[in-house]
Amino acid sequence: MTTETRITVRYAETDQMGITHHSVYPIWFEAARTDWIKQLGLTYSQLEKMGVMTPLSQLECRYTGVSRYEDELTVCCFVTELSAARIRFGYEVLRQGEEKPICTGSTLHGWVDSQTFRPVNMKKRFPDLYAQIETQLEPGQKA
Amino acid sequence: MTTETRITVRYAETDQMGITHHSVYPIWFEAARTDWIKQLGLTYSQLEKMGVMTPLSQLECRYTGVSRYEDELTVCCFVTELSAARIRFGYEVLRQGEEKPICTGSTLHGWVDSQTFRPVNMKKRFPDLYAQIETQLEPGQKA
Amino acid sequence: MTTETRITVRYAETDQMGITHHSVYPIWFEAARTDWIKQLGLTYSQLEKMGVMTPLSQLECRYTGVSRYEDELTVCCFVTELSAARIRFGYEVLRQGEEKPICTGSTLHGWVDSQTFRPVNMKKRFPDLYAQIETQLEPGQKA
Amino acid sequence: MTTETRITVRYAETDQMGITHHSVYPIWFEAARTDWIKQLGLTYSQLEKMGVMTPLSQLECRYTGVSRYEDELTVCCFVTELSAARIRFGYEVLRQGEEKPICTGSTLHGWVDSQTFRPVNMKKRFPDLYAQIETQLEPGQKA
């Protein structure tokens, strides 16, 4: 499952180089991740209420192009790795109508208890949800 | 009591006009407010732990100049209004060595219970802290 | 003319109070302003290329409610004041399906030359565009 | 040469998890990079005026801890890689008084002409500056 999130670059997101500041892409990744989870049939807010948070442990971005104010972009989001302890999402940011992404990236998240901030074994705690995410893994990816 | 907070403009805070984006000044106001409260001898974090939050009900900014990447600024912060229900802070942002501010502003905050988000009578709940803030009001301001 | 811009609150836009940080609303106002100008039939990017910028001289926000992560909001934008030297926009932020705004605000902008940053007499420099904006003023507002 | 930049976590930088949002660390990296360049005896603003920009091509962060509102942090910055075409900076974010970083990262930048956005051969165009940076490389790193 790959979701597509539409983004229009905001003025505040540009910097004095006249392009989107690089720190904005991780925020778009997060908006895309929100949509990915919503596609599963629950919201990330519900997940937090269920007692699970997914703080980042790694972030990677490759910037291969630029975007500018008012550009209309699509952020593709998919899951590339899943285990009882962690989940990794991948991202591609494309200018609409183009095939070559202007930015690609990934984020690695731990499954964490929202009260204690301690690791949660997601496979045991929420086996159904875990199984559902597993079916959405990109082909060829490791569960 | 007026506090002075030093700010160096970050690259990410600029926009494609080549100046600091206007939405950044309220964030600097907040950093200045943090320092003002710290001058009282407690931290805002402690205040939140005491059960009090101060969400904004009003924000006003007047932009009379611009700032740019790497500019070194001073944000002056003072209290202009105090009641059992609310507190208003005033701000002036100056480029170092200049007398005319590039931005002035104010924020109005309700005293709110951090669990219920309901109004707190600050004068009754924390009379000593309230009295202490009262002595720090700018001369000629209303308590 | 009033435009309506859809916003979904991003995780990064929340703060430790669990609500959208107040400095984010001016950024949404700007996204709404972008849409308002687009409704005129040109983009703000084109306006900048025509040699005109509209830096803020004033910002006002009244926060009458809160918004939270994943909330779906509508930002209404309209022009409340227009002169050869300045333009003022008004805003209302509503949670979808509600009538009472959670935030209202206004921004005042000077018409400025994008090279020199000096005031531009908009009525003389772009009479057609000025007349077009004039027809979009809210009834009862001053031109 | 390793520079140390002092950061106090701003309220606006926290999210509803109660910790600093992960997208803020790259902004602190940038503030640290600004200080690193300043230590060379020029400012990044001067570098841009000399006709050189350094847009990011890669960003990597490892989050090994968390920071919270009002935490006082140190961001260490150093150069780990240098060539005529690119420069890589490394970062460590530490809570003051602690030895184990809460975040480490790196950014890779191209040397780019500020007018054309095309690659610049830094070794040829500014041989003295290039040589000066070369002497500041961390021991054991590749030039």
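We call the chains A, B, C and D, going by the order they appear; numbering starts again at 1 in every chain.
The rule is short, and it goes like this: a residue touches a chain if its C-beta (ideal position, glycine included) is under 8 Å from a C-beta of that chain, and two chains touch if they have at least 3 such contacts.
Only a predicted model underlies this, so the values are computations on that prediction, with no experimental measurement involved.
Student: Measuring between Cα centroids, what's the chain most distant from chain B?
Tutor: A
Student: So using the touch definition from the top, which pair is joined by more C-beta contacts, A-C or A-B?
Tutor: Most C-beta pairs in contact, of the two: A-C.
Student: CA centre of chain A versus CA centre of chain C: separation in Å?
Tutor: Taking the mean C-alpha position of each chain, the two centres sit 30 Å apart.
Student: Averaging over Cα atoms per chain, report the distance between chain B and chain C in Å.
Tutor: Computed from C-alpha means, the inter-chain centre distance equals 24 Å.
Student: Just curious, how far off is chain B from chain A if you go by their C-alpha centres, in Å?
Tutor: The separation of the two C-alpha centroids amounts to 34 Å.
Student: Which chain D residues sit where two or more other chains touch them?
Tutor: 11-12, 17, 19, 23, 27, 30, 68-69
Student: Considering only which chains touch which, label the overall pattern as line, ring, star, complete or other.
Tutor: The chain contacts form a complete graph, every chain touching every other.
Student: Along chain C, where are the residues that touch chain D in the complex?
Tutor: Touching chain D: residues 11-12, 14-19, 21, 23, 68-69 of chain C.
Student: What does chain C use to touch chain A in their complex?
Tutor: Spelled out, the residues of chain C in touch with chain A are 8, 10-12, 27, 30-31, 34, 43-45, 68-70.
Student: Okay, in this complex, where on chain B does chain C touch?
Tutor: 17, 19, 22-24, 26-27, 30, 53, 55-64, 66, 117
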